[in-house]
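Look for subunit A in each of the two complexes below; its partner is subunit B in the first and subunit C in the second.
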Partner chain A sequence: MAWYIIRRILQAVPVVLGATLLIYALVFLRPGDPIVALFGDKPVSEAVRAQIEAQYNFDKPFLVQWLLFLKGALTLDLGLSFSGQPVIDLIARAFPVTIKLAFMALVIESVLGIAAGFYAGIKRGKLFDSTMLVVSLLVIAVPIFVFGFLMQLVFGVKLAWAPVTVGGDASFTRLLIPAFVLGLVSFAYVLRLTRTSMIENLTADHVRTARAKGLTDGQVNRRHVLRNSLIPVVTYLGADLGTLMAGAIVTEGIFNVPGVGNLAWRAIQQGETPTIVSVVTVMVLIYVVMSLLVDLLYAWLDPRIRYA
Partner chain B sequence: MPEIPTTAPLPGQDHFVAPLGETPLEATGTLDTSRPPESQWKEAWKNLRRNVLFWVSAIILGFVLVVVAFPGLFTDLNPLKADLSRSLEGPSSGHIAGFDKQGYDVFARTIYGARASVSVGVACTLVVTILGLISGALAGFYGGWVDTIVSRIADIFFAIPLLLGAIVGLSVLNNAWPDRGFGGGVVAVTFALAAFGWPQVTRIARSAVLEVKNLEFVDAARAIGASQARNLWRHVVPNALAPVIVIATVSLGIFIVAEATLSFLGIGLPYGVVSWGNDISAAQNQIRSGQRLGVLFWPASALAVTVLGFILLGDAVQDALDPKSRKKD
Partner chain C sequence: MRTRRTALAGIALAAVASLTLAACSSGGDDEGSESTDAVITAYATEPQNPLVTTNTNEVGGGNIIDLLYAGLISYKADGSQENEVAESIESEDSKVWTVKLKDWKFSDGTPVTAESFVKAWSFGADPDNKQLQSYFYYPIEGTDDEGSTLKGADTISGLKVVDDKTFTITLKQPESDFPLRLGYSAYYPLPESAYGDINKFGEKPVGNGPYVLEKWDHNVEAVMTPNAEYDGVRKAKNGGVTFKFYTDPDSAFSDVQGGNLDVLDQVPPSALTTFRDDDSVQDFESPGSVNSTITIPESLDHFAGEEGNLRRQAISRAIDRKTITEKIFDGTRSPSTDFSAPVMPGYTEDIPGNEVLEFDADAAKKLWDDANAIAPWSGKFQVAYNGDGPGNKEWVEAVVNQLNNNLPGINAAPKAFPTFDELRTKVTDRSIGTAFRTGWQPDYPSIYNYLGPIFGTGAGSNDGDYSNKEFDGLLKKASGALDDEERYQAFVDAQAILFKELPAIPLWNTNVSGAAGKDVENVVFNWQNRPEYQDITKK
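Then we have the complex of A and B:
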């Protein structure tokens, strides 16, 4: 097991390096001079330009820039943003907000999705099941930003139960509606996955045995069917955290949440290389760690799976 | 009450064997073995035809395709003709959906917007499927260093979230190619989405090829002297296509939503292109103030119905092609 983990971590190294190089190359290829953009209408003097170029390593060849970034990243020095703040500070401020938002979305989608999928699976073909099928299809088909706007309109503007936008204070209650919106699409997938998995397990041999030995329907459904049905759901949820954090670009934009999505969006608009590459690197790291955790969790939940 | 059969071994047997009469094998009598078995595709088509959801999706998508091909059948109005004096006017005769902020006819724009969404969805799916199938087939079939290189490159692109990668890619393309119109816009969005979407297909194609490549008929083909390349493209790939087709159908809907999201963010299709994403984006202010929700309703519903059609088609195709996932009814 320890060897498996070590091997997986070693395999992840080229992936992380490659991803940073790829994003670095993309931003590097972007035409237009970020320094000119920085000064707007004002002319840039040669001396100032040279100083800024040196500060951001713009004067060096592409690969050297990338290697310097990596060297800095190892000591948690991610360079400066165009407004002169260390990128690591920006990330340290933005990531906790997005992680909070993504976790809230994860909890909301898993609780609602598993509960609804559980009942839909048991009552297959009944009214509840059909209703949930329609709801899940609608949620997947309607783009997330449309839901975001409608929730904002109903709860923020019309009913005034929640603030229209989150703004500087990203507290639990203020993040509730954005988290719900963010988790909606995954809720539909969790629901569908739980339901399919429940239906498969309802006819499994161990479930028939459990019924035969006289357990009540409730006991069988909860302890024997649901538990086994959760294995694919848990792996989905693990992989979903990274997707949620990336999807936060849209949700954070609509509700003005001061998280990573907002940070990345502004940095991309301005061609602010250090910030973009740093954010993407952290996202890739989260993805790599989560997929390792999911694989380990999988082996723990399902002892039939063994890693060598 | 039927007699309970004894399970004690009969004389001459070391364990109980059910008498033949108890296990009727009627099915064997009705099987027609004189002809070769039906191909996987015929079988799948038979399953598909019996699925109500397939017909629902076929009707939806058939209608969408007609709208894409002949928008003029549904409206005489020009989606690019703005009449500012009628800004945000409600529905009236000849204008069943009213006007948006700029004075465009909402219904005409919804009809003409289908073209952009469907083009991007179809183009992305085609590119991603071809790229993924070729790379996945090569990686799975040849193994060794080919597999290592393809799989690691795919891992790199897979680790970057689709939306984030596409946004970075499009921000580059937007600056490099500012006035790109409809065709260029579709190409740019397709390029950005496909660049980060192909590894999904590669992974699925690779594992499908791995499953097939050691089956007997592949060995047989090799034994009679088929070259490696012929073996791969004539024998292995056709038999590994099913899961790739399933993921391709599902991706269609996902790419259409992704295009709308990118256009909504303002970096997808150029501003002047009539598209559902652009129209929803333009309707933002109406939504926040809660007036004239129809401006949002029409493009959003058109988008949702189209995506719904593709999701249903994906579900139906998966049921028909992937027997493991088939629901036991």
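Then we have the complex of A and C:
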């Protein structure tokens, strides 16, 4: 087990290196000139331009820029943003908010999705099942920002039950509606996965055996059907946390949440290489850690899976 | 193990349920603040640079800087000027200006002296300090065309401290309305404490203006409270101003509707058709100072000399500005009648030749045919624009359609660039090879600012490389004019030349379209299209 974890962490090193190199290349290839953007429609003095290029290493070859970034990253010095703050500070402020938002979304989507999927699977073909299928289809088909603006308008502006936007105070109650919106699409997938998986397992041999033992329906469904049905769902949820953090760009924009999505959006607009690459690097790390956690969870859910 | 899992799910469910209930009960929000002590919240964007007067060149930081500092003069809402820190700004020849200061203090208690100004400007102009506002010092002796101090010097040689309360400014050439520039943020003073670590200072700047910065919570908000030391013309009438930072003006508009935000100075495109009739907000509309133009460089094929003038006039007359401003911009733009804007002092509709801004398909076709008689048209006419600016794609396509309809054979087409800086890079290095969209936001309230920097020979923002000696002469005359009437007449004569040659084709001016909460009073938009934040109060 320990050896397995070490191996997985070692595997993550080239993944992170490759990802930063790729992002660096993309930002480097981005057309236009961030320094021109800094000056707006005013002429840029050559002397000033040279100074700024030197500060952000824009004057160096691409690979040197990347290596300098890596060197800094190892010592947790991710450079400065255009507004003169250490990028590490920006990240330290933004990530907790987004992680909170993403976990809330994850909890909401998994609890609601598994519960609804469980019930729909048992009552296959009945009214609840059909309703859930239509609802999930709708949620998957309609773009997320439509739900975002709709919920903001209804619950925030019209009913005034919830704050319209989150702003500085990213407390649990204020993040609730954004988290719900963020988790909505995944909720539909979790529901469908759980349902299909449940239906499959309901006719499995070990379930028949359990029934033959004389266990009640409820016991069978919970202990034997649901538990086995959760394996694909857990895989999905683990990978989804990364997606939720990246998908937060839209939700964070609508609800003005000062998280990673907003930070990345601003940085991309301004061509602020150190910030973009740092944010993406942290996201890659989260992906790697999450997929490791998911793999370890399998063993707990399904004793047939063993790691060596 | 099994029970634990079920229990966990149960706890999570219960938690979600209780959160939902909590969200319901905490609704309604913290209303009920009254009187003049109310803090005003306003839409803004996170400053892109440290909050340093010489380094803040965009609106997000500019909003804050303008409330934290007081310059030698300040602008009233209509663009007229009044002295602020300056006791007097005088000159006999419009070239050497003597500035006398009032007694004034920074919010940390240190006095504002002649040195506070001279040192700050020299700091801003020194390329080693890489300040983004250096361009603004270019009129002063001792700087180059981009406003940087000359090689080897770390101070601007045209600035001389006479005593604690007096300094002189020597210009490269006489400029009678030079003091008008001095209300701009690049000309604010800085306290001595700024120079140690300028980035650190930019985190928590110390100013001499109507407000002091309590807190800059990055990407969230900037909280400002009135400055008790301040005794100038822009005294705070409210209990403070908090700029809330947004990445999406749509969510700011929702916040105004929901009563979470008091003032929004830029209604998002999605709400433009509805915000006038929206019962949950107050709507504001007034003419603005930002203009939009299409620049057609003389270097393009068929656009030089007399042929070029005819073609540019034809294109200008083939554009139906009124229809575009109504259909595409929902009336939030007004068709241009000159090269500046209606809010500028000295603005007039009576400029000889400005009928080329009126739509007339027949006249356009005739002008185009006249040009074809000189040399037959060939090739394409492309209009380059940046796709990241809202509405750009729509209006460029509309203009191109109108040109194709009204000028047969012109073969007009839009040319998209993904981002503003990409377009500007091509424009600046002169490799663009097409007509392109341009626009101007004035730095100080004078028509000169719409003419000199854009159309003067060799000027910094002269993207089309326009050059006309007569025009340059009139600009010089305007600069040397001793009274307003003479100066305004020179602007009229100079624009009459531009209307003949149309180095840029004026399209429209952006109107102010703002929104405010129901309980907000005294919202006035100034010549910069920004609210006068210090005057806003709550009922």
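Simple rule for what comes next: the second predicted complex is superposed on the first by the 299 of 308 C-alpha atoms of A that agree within 3 Å, B and C clash if a C-alpha of one lies under 4 Å from a C-alpha of the other, contacts with A are read in each partner's own complex, and residues count from 1 in each chain.
The working rule: contacts are C-beta pairs under 8 Å (C-beta built on N, C-alpha and C of every residue); 3 or more make two chains touch, one makes a residue touch a chain.
Everything quoted here is computed from the prediction, not taken from an experiment.
According to the stated criteria, A:Phe62 is in contact with first (subunit B), second (subunit C), both, or neither; which is it?
neither
With both complexes overlaid on chain A, does A:Val27 touch subunit B (first), subunit C (second), both or neither?
first
What's your read, subunit B or subunit C touching more residues of subunit A?
C
Figure out whether A:Gln152 sits in contact with subunit B (first) or subunit C (second), or with both, or with neither.
It touches subunit B and subunit C both.
Based on the superposed arrangement, let me know which partner A:Ala94 touches: subunit B (first), subunit C (second), both, or neither?
Only subunit C is touched by A:Ala94; subunit B is not.
Give one of first, second, both or neither to describe whether A:Gly271 is in contact with subunit B, with subunit C, with both, or with none.
After superposition on chain A, A:Gly271 lies in contact with both partners, subunit B and subunit C.
For A:Thr243 in the superposed arrangement: first (subunit B), second (subunit C), both or neither?
In the superposed model, A:Thr243 contacts subunit B only, not subunit C.
For subunit A, what residues appear in both contact lists, the one with subunit B and the one with subunit C?
In the superposed arrangement, which is not itself an observed complex, subunit A uses residues 31-32, 149, 152-153, 157, 164, 253, 265, 269, 271 for both subunit B and subunit C.
Okay, in this complex, where on subunit A does subunit C touch?
31-34, 36-48, 50-52, 55, 80, 82-85, 89-90, 93-94, 107-108, 111-112, 114-115, 149, 152-153, 156-157, 159-165, 167-168, 172-173, 176-177, 222-223, 227, 252-256, 258, 262-263, 265-266, 269-271
Quick one: which bits of subunit B touch subunit A in the complex? Just the residue numbers, please.
So the residues of subunit B in touch with subunit A come to 152-153, 155-157, 159-165, 167-169, 171-172, 175-176, 253, 257, 260-261, 264-265, 280, 284, 287-290, 296, 300, 303-305, 307-308, 311-312, 325, 327-328.
Which positions of subunit A touch subunit B when the two form their complex?
Within the complex, subunit A contacts subunit B at residues 14-16, 18-19, 22-23, 26-27, 29-32, 137-138, 140-146, 149-150, 152-153, 157-158, 164, 196, 199-200, 203, 242-243, 245-247, 249-250, 253, 264-265, 268-269, 271, 276, 280, 283-284, 287-288.
Please name which positions on subunit C make contact with subunit A in the complex.
Touching subunit A from subunit C are residues 2, 6, 9, 12-13, 15-16, 19-20, 22-24, 26-29, 46-50, 57-58, 127-128, 130-132, 134-135, 144-148, 199, 202-203, 217-221, 244-248, 250-252, 254-255, 257-260, 280, 388, 417-425, 428, 438-441, 460-461.
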